[in-house]
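All chains are identified by letter, namely A, B, C and D, in their written order; residue positions are counted from 1 within each chain.
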Amino acid sequence: MLHQYLPVLVFAALGILVGGAFATLNLVLGPKRLKGDESSAAIRQMDPYECGLPSEISKTFRFGVSFYLVAMLFILFDIEVVFLYPVGAILKSTDSVFVLAEVVLFVALLFVALIYVWRKGALDWR
Amino acid sequence: MPDLVLGLPLADTNFVDATWIMIVKSLVIFIVILSLVPLLLLGERKLLGRFQQRYGPNRVGPYGLGQPLADVGKLLSKQAFRPKGAVPFLYEIAPALTIISAVLTLAILPFGDVQGDVGFYGIDVPIGILYFFAFSSIAFYGLLLGGWASGSKYSFLGAMRSAAQLISYEIAMGLSLLGVVMMAGSLSLVDIVKAQGEVWYVVPQIVGFLIFLVGGFAETNRPPFDLPEADAELVAGYGTEYGGMRFGSFMFAEYMEMLIVSGIASTMFLGGWMGPGPPGLDPVWMLLKMIVLTIFFIWIRATLPRFRYDQLMSFGWKILLPLATLNVLVTAVLVVVT
Amino acid sequence: MLSSIIWTPLVFGLIGLLVPKRFAAWVAALGAVITLGLAIGVLAGFDPDGGMQYITDVSWIPGLGVDYSLGIDGVSIFLVLLTTIAWIPAICFSAIRGTDRPALYYLMLLAGETSTLGAFLAQDLLLFVLFFDLMIVPFYFLFGIWGRDRGGEEDPERSPGNGPVSVQSATLKMIVFTLIGSLLMLVGAIAAAVIAADGGELTFSIQTIVARGLPEGSQNWIFWFFAAAFLVKMPAFPLHGWMPDSYRAAPLPALAVFSAVLSKVGAYGFLRVVLPMMPDASDLFQSTMLVLAICSILYGSAMAFTKTDLRLVLGFSSVAQLGFITAGIFAFDSTGAEGAVLQMVNHGLVVVPAFLIVAMISERTGSEELGPMGGLAKKAPVFAVIFLIVSMATLAIPASANFIGEFYILNGLFQVDAAWAIVASVGVALAAFYALRMYQLTMHNPLPDGSDSREISLRDALVLVPMVGIVVVLAFCPQLIIHGSEQAVDSSIAIVREVAK
Amino acid sequence: MSFDAPTIDYAGLSPVIALTVGLVVIVLAAVFDSVRRFGPALALLTYAVTAGCLIWQWNANLDLVSGSLRIDGLAVTLSLLAVIAAAVAVLLAIGDPSETQAGRSDWLALLTGSLLGMVILAQATSMLTFFVGLELLSIPLYALCGTNLRRRESLESGLKYLIVGSVGSATLLYGLAMIYGASGATGFQAISDGLQAGDGMLSDSLTLVGVGMVAVGLAFKVSIAPFHQWTPDVYQGAPTPVTAFMAVATKAAAFAVFIRFFLVALGPLADQWDVMLAALAALSIVVGNVGALAQTSLKRMLGYSGVAQAGYMLAGIVTATQAGVDALVFYLAAYVAMNVAAFAVVVIRERQNGFSDDISTLRGLGREKPLLAWPLTIAMLALAGLPPTAGFIGKLYLIEALVDDDWTWLAVMIAIGTMISLGYYLRVVATLWMSPAGQAEAGAEIDTASLPPQIAGAQADPFEDSRADRRWYLVAPALIATAAALFFGVIPQPLVDFAQHAGDALSVWIS
């Protein structure tokens, strides 16, 4: 059924092989922590990396607004790219000015959006 | 009737050779690339040394050739541990995910045309470029999962930052390749290379090429854009809590990704396997161009200072994106007018 | 011609807005006089046996089949005259005394006149409903803005009988009662037109709907929708809840006109719309309507002679009079109907001076409560005579036209059934009782110290005397109205009569 | 492969094109400071051009964009109403706190975007454009409701409208999916053919549930009873120009698609859904009127009255006849005039007395500022349906359409609803005229602790503008709307022709 895509499957298998190996070899080759070794060193070894003043920020904390802005803008412009690809592919073969006008209009509208967002300062990272 | 996977029709590939040939050629490609990566590792450290007027590693084996083996050996012997706050399963598979997606992208790199009944490439999918984008965003998942699952705030913030950087540059890369697709009139990589018969697309699409390369640096977190896991900043970014070969696999994936980006760049802009000499030499030309571009990667690492994060983001949005959009517009007009 | 009669008052009202404050009153008075002139012109050219005359028929909303059609016949000619006559003393009386925001006051008063005239002259059912609704809006503003809260703590003439009344709630109750009726009538009117048309070309002109006739079933409920609106307007016994409060809160000149003319529109509605259009239903509900009429006669008279507030006495007396008129109409006898029409005119002519006199009394005694009053006749003989004529006319003294009207009505009632006539005549007796009580308590007895009995001023006299003069003239020749409206009234109840036989 | 470009009817699309160009210009104006001051002028210019295109296309009657839009009488008339409402909203917004805080032209860009959604919705004849139009209409409105950043209620109203609106849209989408499942097509005409062709699809439970859910979705948007909970709070919370726009324009556009979807697409199902809609109409007449009786805030009361008026208008669709559609469009046009007059006065009064929209603040206005009192009085009389105004003719037209199609009980419901409505409409008129200003001072020593700061004499509110009643751009809409309400009450024939033009557009589908 997936005859034509066999190479992809082969690569996938190889990838999983290599990835899995790298992930698990340490368990096999590396030194083990002795069961029952409750010494403070073993316990503390498991603490996540800390440096500087201890701070009570838990794992999940809030991000700057720019992260959310970038995410939203990414969606907007990525959809633009996704819409442009099919037209781009057939543009050469259709060779019609109408398609060109459509593409230019579409990109121009999104360019207006970019200008609006740019001037409103959503792009500079705060 | 196209094949159905989970009910969704799959595009037929342009050329199907015998089953065993497919398996063999995939293995050959994988082995060649797998061997290239340690060489690249070493090459980078040697070249950096040379740039800084010092020798690179030359203690282990002749000219330091044994160095990569030594590194891998060292990493493998580390203790596999998991930090307290980590999410067990996701913590392990994150590095593997980046490797799997990097390896899968190899399938579409064309190393030559169909000679006899063997296509010198994994598969020639009519939606070539989109395949590349698809799997490069899966790598993005691996990276993000790694940062979040390891439970420490440093790695989480590092992951978020690199994620933001990645998605900002992905758009510019997408637009830059669009110019080439418009000129070639098809998405499949093999057709694009064939379309570069008389002139390589690097000439008309110089802007696209430069944007793609800069995007490539950002995509692989390479030096000018490697702020998220730069030592001075967030220790090792998303890789802070990883040790041993898991940390190694992140490195491995990064180098693999570098090779792929230069491979795609050479296919799209530098005429892929096109070069003087008999068709037999095609894969050699392709590998040569990939290595030249990789060296360019390393060269940039040695020269350019690191971007500050807000400069990095505004560069992506305010310069690359408008430039790429204009490039697309100009190409579209030229393609239709001429 | 008829359109000019309807719209002249409004035009003058609007002119009053532009004219400086001082002249607004006299512009309004001029407008009312001109309208009276026009009405007399129409009366002059009126041919009693000519059926519908001066017809103007313009298509107003073709989309909905509504035409702006007007016409005048025996029934409406005298009511139009009554309206035009009644407005003049009201305007002059308030002009003499002056009001605050005069331009707006006279605009509202004249708008009231326009809509009332419109209601009498409209021959299109929708136009009639529209003017019927429109009538109440100016009076809502008149009562609301210029009326006063009565019976509150700080009100000097607080009377034990009736509690405090605030202007807002009184006017709200009035307009809600009236509009409930008129909204039901709107639905009834549309239903009548649609059912009459049944698929054919939809039109609202009363003649065509009467000609097409309505099926028996729908007639019944449409009858009650119309009856509700007219009974509230009169006000008849069961639906008069709004009357006491609004009468006590209202400014007297506006109230005079309101009580005199607007209540007649209800009765006129029965004659013009209900009887011809729904003969079977009218015959079916004849007895119920007669019971309602008799009840409002008895209830009205009973209340009239127990109430201590002068306004309420007159209010309930008009409830009784309207009861008589409705009884006359629903006797389905030509004499009864003619009597009703005559009585409508008479009652209108009498009520206007009556309310103005109440205003003068309250100026002299400082309050409208009958209890503390008395002895006003001592130094005001002319005032007393005028009041005597008015109250005599109210109780329908044999020489007056009211007596002729009531005689006709009782005669008509007799045809139906002797019992109705007998009970109604009790009402006549009671009328005598409350009219005399009112006169005696105010005019005779010793003059209490608080009030002064001063003669009627010349200007007030000029306002009242012509009105009372007409009442006296009419007393000698009621034949004018009877003869004038005879043919039209017969034609409107002809259909009902042969259905009733 | 040769590529033949599709033929685009630019004339038919001209209103949408004009609005889009206008929107882009306003968005750019929002960003360049030099042009920012001309925001309102640009917006009004765009609406004028759009209105021009709509009038130019007055007699058009054709499908556009391969069957997804249709420009015909119904679309043109109701789009005109929406454009007028938008123009008034722009005028009322000049100097409004929400507009200045949200950045002059951004506010106008949102408004124009919402208007574009309405024009598309009015022309939609396929499920896709129906939903796209509805979302494009609603989402800018959610944002607009929350633009008055200084007032907590404004943000609350925006959020509340967002949540309820999305519930409505979700239900609608679900219903559309079911109807698509039943009929197998997205175009309205194709749906009705699909439903008839399918064996027994007409009484199939899938279709009926779909129809029910679409009705619910639209009921949310038009604020018809059980789904009106959001209306009073959002009307009170949102900035008044937005409330005015929302009250009128959303109803115009939503009823356009309500008519088209139910009469064209679900035409064959008429005897199933007309009883349901009649029940909804009756319920919202009662709930709307009774709800409004107890209100002290003018905007909240207008919110409830909006629910009741939507009930009256829904009756127009229940008859499923051309007369019904004409009556509905006529009533909508009258509704525009009435509401604009009322809201304009609310805006003016709001800016003069520290943004409290309580009815008691209107006390004695008749004596002080008759110029302000008359528009509100005539608006209230019109909303109550008293004769000299267009409201009376509107109700007359509706009742006639209903009785004609022997829905007499619904006509009586409208009459009863109007009776109840007299209670609160005339209470406003009474407060305006009847209680002399003196009485208001009697209650002057109210404790200022409970009052919001700006009333309690804190620093003068920057947006308070004592000369608001002499601003031409606030007084003009009020006077024009009042004149319209009176003129069409006395000479309704032009408006009847306007409405009948909408009815004729559907002559193909309904008798």
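Following the convention adopted for this analysis, a contact is a pair of C-beta atoms (placed from the backbone, for glycine too) under 8 Å apart; a residue touches a chain by one contact, two chains touch by 3 or more.
Because the structure is a prediction, the values reported are computed rather than measured.
Taking the definition of touch as given, a chain qualifies here only if it contacts chain A and chain C alike; those chains are D. With centres computed as the average of Cα coordinates, no chain lies farther from chain A than C.
The most central chain, judged by the distance from its Cα centroid to the centroid of all protein Cα atoms shown, is D. In whole angstrom, the spacing between the mean C-alpha positions of chain B and chain C is 98.
Measuring from the averaged C-alpha position of chain B to that of chain D gives a distance of 55 Å. Between chain A and chain D the centroid-to-centroid distance comes to 44 Å (mean Cα coordinates, whole Å). Averaged C-alpha coordinates put the centre of chain A at 14 Å from the centre of chain B. If each chain is drawn as a node and touching chains are joined, the picture is a simple open line.
Screening every pair of chains for touch gives A-B, A-D, C-D. Those residues of chain B that touch chain A in the shared complex are 3, 5, 10, 12-13, 16, 19, 22-23, 25-27, 30, 34, 76-85, 92-93, 95-97, 99-104, 106-107, 122-123, 129-130, 150-156, 160, 164, 167-168, 170-171, 174-175, 178, 181-187, 235, 240-241, 243-246, 248-249, 252, 309-310, 313-314, 317-318, 321-322, 325, 328-329, 332-333, 335-336.
Of all the residues in chain D, the ones that touch chain C in their complex are 326, 366-367, 381, 385-388, 392-393, 395-397, 399-400, 403-404, 408, 411-412, 415, 418-419, 422-423, 426-427, 429-430, 433-435, 492-493, 496-497, 499-500. Contact residues of chain D toward chain A in the complex are 1, 3, 5, 24, 27-28, 30-32. Those residues of chain A whose C-beta lies close enough to touch chain D in the complex are 90, 93-96, 98-99, 109, 112-113, 115-116, 119-120. Those residues of chain A that touch chain B in the shared complex are 1-8, 10-12, 14-16, 18-27, 29-33, 45-51, 57-61, 63, 66-67, 70-71, 73-74, 77-78, 81, 84-85, 88-93, 95-97, 99-100, 103-104, 107, 110-111, 114, 118, 123-126.
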